[in-house]
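Questions regarding the structure given below will be posed in turn.
A, B and C are the chain letters, set down in written order, and residue numbers restart from 1 in every chain.
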Amino acid sequence: MTLTAAPASKIDQALASRLAAIVGERRVLFRPSELLTYASDGLPSYSKQPGLAVFPGTREEVIAVVRELARLGLPFVPRGAGTGLSGGALADGVVLVGLNRLSRILSIDAENGRAVVEPGVVNVSLSRAVAALGYHYAPDPSSQTACTIGGNVAENAGGPHCLKYGVTTNHVVALTVLLPSGEVVTLGNASGEQEGYDLVGTFVGSEGCFGIALDVTVRLSRNPESVRTLLADFLSIDAAARAVSAIVATGIVPAALEMIDQATIRAVESSIYAAGYPVDAAAALLIELDGATAGLEHDVATVEALCASNGARTVRVARDDAERARLWQGRKKAFGAMGRLASHLVVQDAVVPRTKLPEVLAQIAEIGVRQRVRICNVFHAGDGNLHPNIPYDASDADESARVHLAMREIMTACVNAGGSITGEHGVGLDKLPYMDLIFTPESLATMCALREVFDPDRRSNPGKVVPVHACREWHMAPSARPHREIL
Amino acid sequence: MTETLTASVDALRECVLDAGARGVALRVVGRGAWLDAGRGARTTESISTRELAGIIEYVPGDLTLTARAGTTLAEIREATAEHNQRLALDPHGTDDGTLGATVATASAGPLAASFGTPRDLTLGVEFVMGTGAVARGGGRVVKNVAGFDLTRLLTGSWGTLGILTEITVRLHARPEADESFAVSLERPGSAESVRRVLRRLPFTPYACEIVNDTFAAFLGIGHGETALLRLGGNAAAVRAQRTAFAELGVPREIDAAVWTRLRQAEPAGAIVFRMSHSASEIARTWTEANAVAVGCAGTLLHASPTRGVVRCIVPSSDGAAGWLRRAFGAPTMTTRIGERLPVDLWPMVSSAPASDPISSGIKRTFDPKSVLNAGILGEVQ
Amino acid sequence: MSTPVVVPPECALPGSPLSNAQAGIDACVHCGFCLQACPTYLTLEDENDSPRGRIVLMRALLEGTLAPGNESVETHIGQCLGCRACETACPSGVPYGQLLEATRETLAQHRPIPAIARIILWIFERPLLLTIAMAGGRVTRALGIAKLLARLPGRPGFAMAMLSSTSRSKTSARAAVRSTGEKGRVALLTGCVMEGLFTETNRATERVLATNAYAMASAPGQGCCGALHVHAGDADAARRLAKTNIAAFERTNADYICVNAAGCGAMMKEYPHLLAAEPEWAARAAQLSSKVRDVSELLSAAGPVRGGAVRTLVAYDAPCHLVHAQRIVAPPLDVLRAIPELELVPLNESDVCCGSAGIYNLVEPHVSDVVLARKLENISAARPDLVATGNPGCLMQIGAGLLRAGSPTRAVHPVELLDESYARRAPR
């Protein structure tokens, strides 16, 4: 890590003072030593220091800050809690706008199952706030105790329970958005159907490139009457993958269907989140079934039988909430637990068609052997969303290079299987080099053009999501491609 | 109107480029179900994707299906039924409609109450833009956040941004039990009481619609306001759900064909529109819909209480349009969305849903020469 | 994605306590799960004041990006309460408490500890001076001077409020309790503040232990546990105190060392780490540490015996050094549940620091006040008659806060309540 002076000419003490006049002295960080910690998000293999960081505390302050930046034509990067795993919140020498202080729940409508929240509200605190009303907020990324709803909207965050309940985009009904120009627009219809383009759906998952969500109207989900959590362990990954397919084929939609491989089980079991996973199993499935009590036991029995018939050694059903919480704790904290294995860790996020899981997992294992890296798999098996983790020592040049190769090979294997390069972490910086693998230049140029509708100068979170060359092509297009026009 | 049939993406692209060069606006059509809906499209020629048909990939174990836009819902139903699966979309009309049109119009029916609309079920799209460029959004997997969400943007854009050529959808396995019931609602304010029961019960029915007296008679399920329930899951769950609904009245098992009749209830020339508000306002929305309908004999009303939507089917009659014009003039707190209206009523219902600055900007970007369905969602600013 | 090769930088502080803690720093994966557990992040809302941010600063010190005298380092490392709530939240098992102590010790080698802290620590290392200071405190308290001066603005007023909050209304004289002793012999760490200002709580501790069949053994020669010193970066003084205590408690031959101050208990359980560089002492420390129990652990293991009814609403506030450092969650609640008719009311953020943190509230008054304000808000929302918490620092911090806010709620040690309950038992 090195300290770099702010490169952009306009990020200077004068700007810091003007912003401080809006948000207060303490809420503008300008000294390099104070900006160090904001050089990374949850993926610290990327580290780029912002030129300045500003932390507005109210909607009005956010608007005033962004208008000032718009006036000066300065790029900026919105940031929530910095728990993202794609380098999406890195502000390389530009202004970082932290939204963590906008953490009020503005309203809760229990009758309609809606809540309006500021972007900095922490995911789990929304669920806690509505728990007494019998609701929760369904998207539950593993970082839910720390990540913000605004960040979830930017990344279209998922989580284990998205298998049944859907990802963030299925739970956002309306947004108030601050465009990079400083203009405020309302998207969606909080009460009633929405006609016209699905601008809410377009904004969700735009990774901070379309502007800043000032408030988010979300759909709340009713707490299920009953929940059953099962842990099934297998002596081969293949058998576990077969069990996944068998369960899905029945029409039973588990609330969650997670796979944890042996390397991950061992990491978890040696951490403080030891959940009692059998350390000698090749893989374990964590399966949750929820809903009305009536009929649930029948589904539990069906799932148990399917696990057994596909080679499960044991199937354990959590007896009470405490055991259930413990089984989940191990899964949710697995990523951190892997930090124990080596000084550095990379986590990949890719999706393959469910039926390709056994094949792709075998390929990943083969890649691990060939590149001599340790790959731990812990992932959302129910929707084929893989998370290979590789703990390694970054100070070992040879190992780092092999990790790099392994990651690329894994990604290629997933794409070749008909999958996607990211299921829930977003493209950010990390997946930029892979966008060409799944999108044609015309598709990328289209995305770039869409972004310019919201952000004509591409000032909001510059350089993310769409590779820059794709955007250049769009601008260079007219002569080469007569059917295109420049706007 | 001249119609061009295209059987390949390349031909379609050529056609769009050609129209752009000639300065002609194209009406994008599936099987033409919406051509008589009265929407004010400024188009002189049409282009149909119905020949661009066929299932491209269907792997039952993945519960996903990729098909060309012209594939009919009936074809998809047949292919998936073999594996005890289905595409959980039951838009109003028949299964002769195309997947492309269903997604382009984001049309949904009663099953939306538990399975969502095309916006929730469409995983990926390929489309030809007004510029002639062919782009893709999403993919073929059930979870995907790669790139900006062109899939959501195109879904429900009524062909104004691009002509859908290929679509991947999420399927659902058919449940062990799938039963339909009718419950006669005797008390007034029944829409609200149904909503309250649904809010309290620990499950979501596959579908729940309340129909007015006229509609109940049309469907042959008795008289008076009636709730139609479709309950799915394992046998024990369905039994328990049925028991739970007894507090509304006596559930009578009915044939599942009632849902098909409901979808196809529109008589030729009918005026069809929807009114919606928060679910908790369903009683007021229902009352308002009844008030609008009272002047038109034979009006069929059905409400989806969990979604807060009431759909009104007004049979063609001499006075209907005039009555509705006056009714629509009254202030309302509901959102009105037109489906089929006389041309002059459109501005009173769905004036210009895609003419805000951002929507206009997107339209100009995707279709700078306004080749595609010009004016169908209002004029760009 | 890229996996940049990080050439290991030459360690900028070779041989420093911080460089010895490098492995702990490397365990951090920067996931951010600690943010919402950190009281200074919750109140100051800047990641520099979060565990993740402070670990970045520690790493920068080691890599030489920042120098020990750097103002940002001083500020944010200084502002850490050391509550270790982040350790409970950390999936990677980062030993944050040890990292913080190593950092403070390293910084102290470059820049002296603040004067006020130095004076306090100097006194706490000297039993005679400490006894005099505590006696002075008791006199000030008894004459009502403390209560009067508690209204003064700023630190002096707050300090007086802390002192005043330690006063206990006179209870009827309690008869000595005879113990069967069947649960084992217990030596009590009488502590400095506990014995000085919470004398009655220490006596109550002895009584409730006896009631629960523990035999009390005295441990002459013991002194301050050293926690305040190690938190401030004066590890040498802490080591001297630790050795004194190890020797004193070894002589008692007790089965358990009972501690009724969470901070001291956490310290004594960590003596082996503190003395790791001296193998012989480390072994003796390990032997001693294995016997250290919080009073609530001993009571919970013994039942505890149920007492007489105490009709009151109690909010339990978990001391950080009990819940996060020692991971003791249920036993204090077992103690309170042994009291008939005592009603536990839920306290939001009961596992978040109150801002006391040893002498932090005197050294970093501004941040301490902000953290305390949040605690007081939560207490006021819960509307209890009493806040129960098992640590003298927390008792004084919360007690002073309540006093100055004019709240009718008082802070008490759970053991005092159990003692009261036993006193109300129907005579057998």
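For this structure, a couple of remarks:
One rule holds for everything that comes next: a contact is a pair of C-beta atoms (placed from the backbone, for glycine too) under 8 Å apart; a residue touches a chain by one contact, two chains touch by 3 or more.
No experiment lies behind these values; they were computed from the predicted model shown.
Other chains, considered apart from chain A, cluster as B | C (clusters defined by touching).
No other pair of chains has as many C-beta pairs in contact as A-B.
We define each chain's centre as the mean of its Cα atoms; on that basis chain A and chain B are separated by 31 Å.
One simple way to say how far apart two chains are is to compare their mean CA positions; for chain B and chain C this gives 63 Å.
Taking each chain's centre as the mean of its C-alpha atoms, chain A lies 38 Å from chain C.
Multi-chain contact residues of chain A (touching two or more other chains): 431.
Every residue of chain A that touches chain B in the complex is listed here, in rising order: 109, 111-112, 114, 155-156, 158, 162, 166-167, 169-170, 185, 187, 189-199, 201-202, 204-206, 209, 222, 224-226, 245, 248-251, 253, 291-299, 302, 351-355, 380, 383-385, 418-427, 431, 435, 438-440, 442-447, 449-454, 465-466, 481, 483-485, 487. Listing the residues of chain C that touch chain A in their complex gives 1-8, 26-36, 45-48, 50, 52-53, 56-57, 59-60, 63, 65-66, 70-73, 89-94. Across the complex, chain A meets chain C through its residues 1-3, 26, 29, 31, 33-34, 36-46, 55, 57, 81-83, 100-101, 122, 124-125, 143, 145-147, 271-273, 333-340, 343-346, 348, 392, 394-397, 400-401, 403-404, 407-408, 411, 430-431, 433-434.
By the touch rule above, chain B contacts chain A in their complex via residues 17, 20, 59-64, 84, 106, 116, 119-120, 129, 131-137, 139-150, 152-153, 155-157, 161, 172-176, 199, 201-203, 233-241, 274, 276-281, 307-309, 334-335, 337, 350, 353-354, 356-359, 361-362, 364-366, 368-369, 377.
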